[in-house]
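Chain IDs A, B and C follow the sequence of writing; residue 1 opens each chain.
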Amino acid sequence: MILAKISKGNIPEFLKRLMASYEVVAPVEKEGKFAFSPVSDPAKVRLDYDTTILPPKQFLYPPEEKLMEFKRDGSAGKETIDTTKRVLFGLHPCDIWGIQILDWVFDGKFPDPYYRARKDNTLIVGLNCTSPRNEYCFCQSMGTYTVDKGYDIMLMEEGDNYMVHIKTDAGNQVIRKSSDLFTEVSAEDTNILSKDLVDKKMKAKFKRKLDTRNISELLDFTYGSPVWKEFGDRCLSCGACSYVCPDCYCFNVKDKLDLSLQNGERARTWDCCLYIDFARCAGGHNFRKDKATRLKMRFFHKEKSFVDDYGRPACVGCGRCIKACPAKIDLTEIFAKLRGV
Amino acid sequence: MAKPKVGIYGFTGCAGCQLEILNLEDILLDIVGAIDIVNFRMAKSQNDDVTQLDVAVIEGSIVTKEQEEEIKKIRDKTKIMIAVGDCACFGGVQKLTQFQNLEEAKKLVYGDVQMKHAIASPLHSRAIDEVVKVDAKLPCCPMVKEEFVEALKCLLAGKKIDIKPHAVCEECRKNGNVCFFEKGHVCMGTVTLAGCGSLCPSNGYPCEGCRGPVEEANIPEQVQRMRENGLSDEDINRKFRKFTSGAKEFANALEIAKNAQATNAPQEAKK
Amino acid sequence: MNAPANPYMPQMAKITKIREQTSDTKAFEFQFVDPKVKETFTYEPGQFVELSVFGIGEAPFGISSTPTRKGFIELGIRNVGNLTNFIHQMKVGDTVGIRGPYGKGFPVETLKGKDVLIVAGGTGMFPTRSLINYIMDKRKDFGHVKILCGFRSPQELLFKDEFDTWKNAPNTEFLLSVDKGDETWKGNTGVITTLFPKTTVSPESYAVIVGPPVMYRFVVKELLARNIQKHRIYVSLERKMQCGIGKCSHCVIGYKYTCIHGPVFNYWDALDLQEAI
């Protein structure tokens, strides 16, 4: 393990240097909350943020993304791939996990070149958590409180400094370029760090919990549970939970034309399985007509499908969906009720 | 291929939707290049009332007998009729008279002024599709000009106009806004049809529901949220009915909420 | 073609033949413009492709031709929506985009040497025709083949010009029914399950069912009553597939993607998906 140390006071300068060769995306304040946003002023970066409105997925998989340009003259389309060099700065472990799960989906049997190109051009700088950031966090339940891969650099807060875990060569290169801002780590530093991990991190109490044991089986056996209707009736089908989820990735593909009708583009936009038209076919048949079925489907996909395919749910316990739901639907409550507790 | 013939007409409304067409300054010439606007009184001095139309764009609602005759005539010579804006799609704000006596409403607005012509004996405001068949509706107050252009392109390309049955929240969330409910305010975006790009919420104002109800809007839940935020029944009705009281979900929100509660009550009791 | 760098980019293809089927259905034959793709493009019966018309959109269609006949693919297309309406107005020589093939097809290797029962209802005929003609072209590889077809009316018959070929093929039985006949109709009238009493189904058969959502339950009941075991039944399920490559999630059933885990599912697996049938 390669460690270094940077004083908090040197972070703005580090950010500034990163900006010279990257688009730097970091948490900034927005109406009393926080949002990941491209920044040009290091002073605006708020590493004391609790969570962000949208997860960082929007920089790897934007809400609307052009897939290709075309002419309607019989010629082949032209792919449009974004290769902007980008740093995602200050991601909490849950969001880093979120990106790793997106990797599984977008790579897979048919690798998605749009996502892959963005990901390959993105450097991820994490920011460790040692306690719940707000009342919505339940990452401890989801095994995403800590993360041991999926980042290039990890910052770990330690008094006036950040201990820096340099995970990858790409991370090492940017640190080497700013080596004057970093110092070596002493034996005492590592001591403090490991002690801190035990004292703070492991003893932190998370109030919000989700019991993930046999979750796939649980969903199978509660398929007909009235709990789904209870929550389904409340669901506004607004899509908030999906859009704020680090691991919701449904999309819709749409063609657009210019007024000459000769040129156009094909784009994909975020979609959400709670919308009434999500499984409605061109002929009009809707495979999921009612809200309860759609809500159930969302959790089947995230918590069962992913356990079957990848061994873990597509939920990182960031709590954004609980916070964002106008109808106050709380998945930890749904799962507790399904278990009858 | 001959350019499709288009007529743009205004009935009772503020003409704001027609103005939106003129506001498409950057691409107005492209539009004029793609279609043949044979009738557009607001923008043209010479208008043709005879030619058969491929597309008629209708703004405003129907409030007099005379207008009713006129819209029927337009319909007879038109292949595709599009209603734009809330007045044409729902009857507009003026549809609020449906909840009271028309004479009293008239007096409230105009006082004792003596009026000539048809307006002396107006009817309750009606949406265009309450009088003639409408092929597509582009709601909003005023209509969204980008949506209008998209609709036009769809018609030209032989595509169906595709307005996704999603709530305003879709666009609002994609824009990364902080939810008004999270800030302790009531917002109508959860039950309102998207397509405006969440214009109001993105600029610091909660959604007022001007695009009308989204398909299968969850009215009972929204009413519940509004009550929790301290709104009285009167406030709730006002919020729902303001722009699109012509939509039955919004006109009867309280009743819908009450009925849902009645259906769910026996289940609640069982628990 | 089978593993392109960008799976979203379609290959250009031209319409080479259009065969009217019913008032709202046509069979389109396509050939790829790129000669190399045209030569190498292959697929399994039961797989589908994504067909696009730039500017209008893209949708999945089950391939109705058989990979044993090379150089072209044929898709049956019913005019039900935006894209299909547009395609119906296209002519021979017009260009479309095609990508694929995608999904899991019928288990032809499993079916080899076995008696096969094929039950096709309505547009379910599109992908089944691929399997039927595949079997016809490799007739010796398969045991007895029984084809049961059901359509709504005599006007709705699909690929009827091929019925005689199938009927006259060796060791093959072909039965046809329409839900509602007319004065000219002399064949069987009634839903597809009314064909079962008219034939005997060996419990050793493997069955393939493709049809509208409502059909599966009734047909499966008939098969189970004839002691065909669940794992010998295959169904091809229809969902709102969009990307075709297991990303967009529109076609998810329970916890599987129709586009990559299906569209052909073993009935036993489909049962496990709860909302599948």
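Please note the rule applied: a contact is a pair of C-beta atoms (placed from the backbone, for glycine too) under 8 Å apart; a residue touches a chain by one contact, two chains touch by 3 or more.
Everything numeric here is computed off the predicted structure, so don't read it as measured data.
Asks: Weigh A-C against B-C on C-beta contact pairs and write down the one with more.
Replies: If we tally the contacting C-beta pairs, A-C comes out ahead.
Asks: Grab the C-alpha centre of each chain and report whichever is closest to the global C-alpha centre.
Replies: A
Asks: Just how far, in Å, is the C-alpha centre of chain B from the one of chain A?
Replies: Averaging C-alpha atoms per chain gives centres 37 Å apart.
Asks: For chain A and chain C, let me know how many angstrom lie between their CA-based centres, rounded off.
Replies: 39
Asks: Can you work out the whole-Å distance between the CA centroids of chain B and chain C?
Replies: Inter-chain centre distance comes to 43 Å.
Asks: Among the residues of chain C, pick out those that touch two or more other chains and give their numbers.
Replies: 55-57, 81-82
Asks: Please set out, as single numbers or ranges, the residues of chain B touching at least two other chains.
Replies: 157, 162
Asks: Identify all positions of chain A at which a residue touches two or more other chains, and write them in rising order.
Replies: 252, 254, 257, 261
Asks: Inside the complex, what are the residues of chain C that reach chain B?
Replies: 55-57, 81-82, 85-86, 89
Asks: For the complex, give me every residue of chain B touching chain A.
Replies: Residue positions touching the partner: 27, 30-31, 33-34, 149-150, 152-153, 156-157, 162, 164-167, 169-170, 173-174, 176-179, 181-183, 187, 189-191, 214-216, 218, 220-222, 225, 260, 264.
Asks: Which bits of chain C are touching chain A when the two form their complex?
Replies: 5-12, 33, 52, 54-59, 78, 80-84, 95, 97, 213, 238-240, 242-243, 245-256, 260, 274-275
Asks: What does chain A use to touch chain B in their complex?
Replies: Contacts found on chain A: 30-33, 35, 53-54, 58, 63-64, 233-240, 243-244, 252, 254, 256-261, 269-270, 272, 275-277, 291, 323-324, 326-327.
Asks: Using the touch definition up top, name the residues of chain A that touch chain C in the complex.
Replies: 67-68, 70-72, 74-77, 79, 105-106, 108-114, 220, 223, 249-255, 257, 261, 264, 266, 268, 271, 273, 278-285, 287-288, 293, 297, 300-301, 304-305, 308
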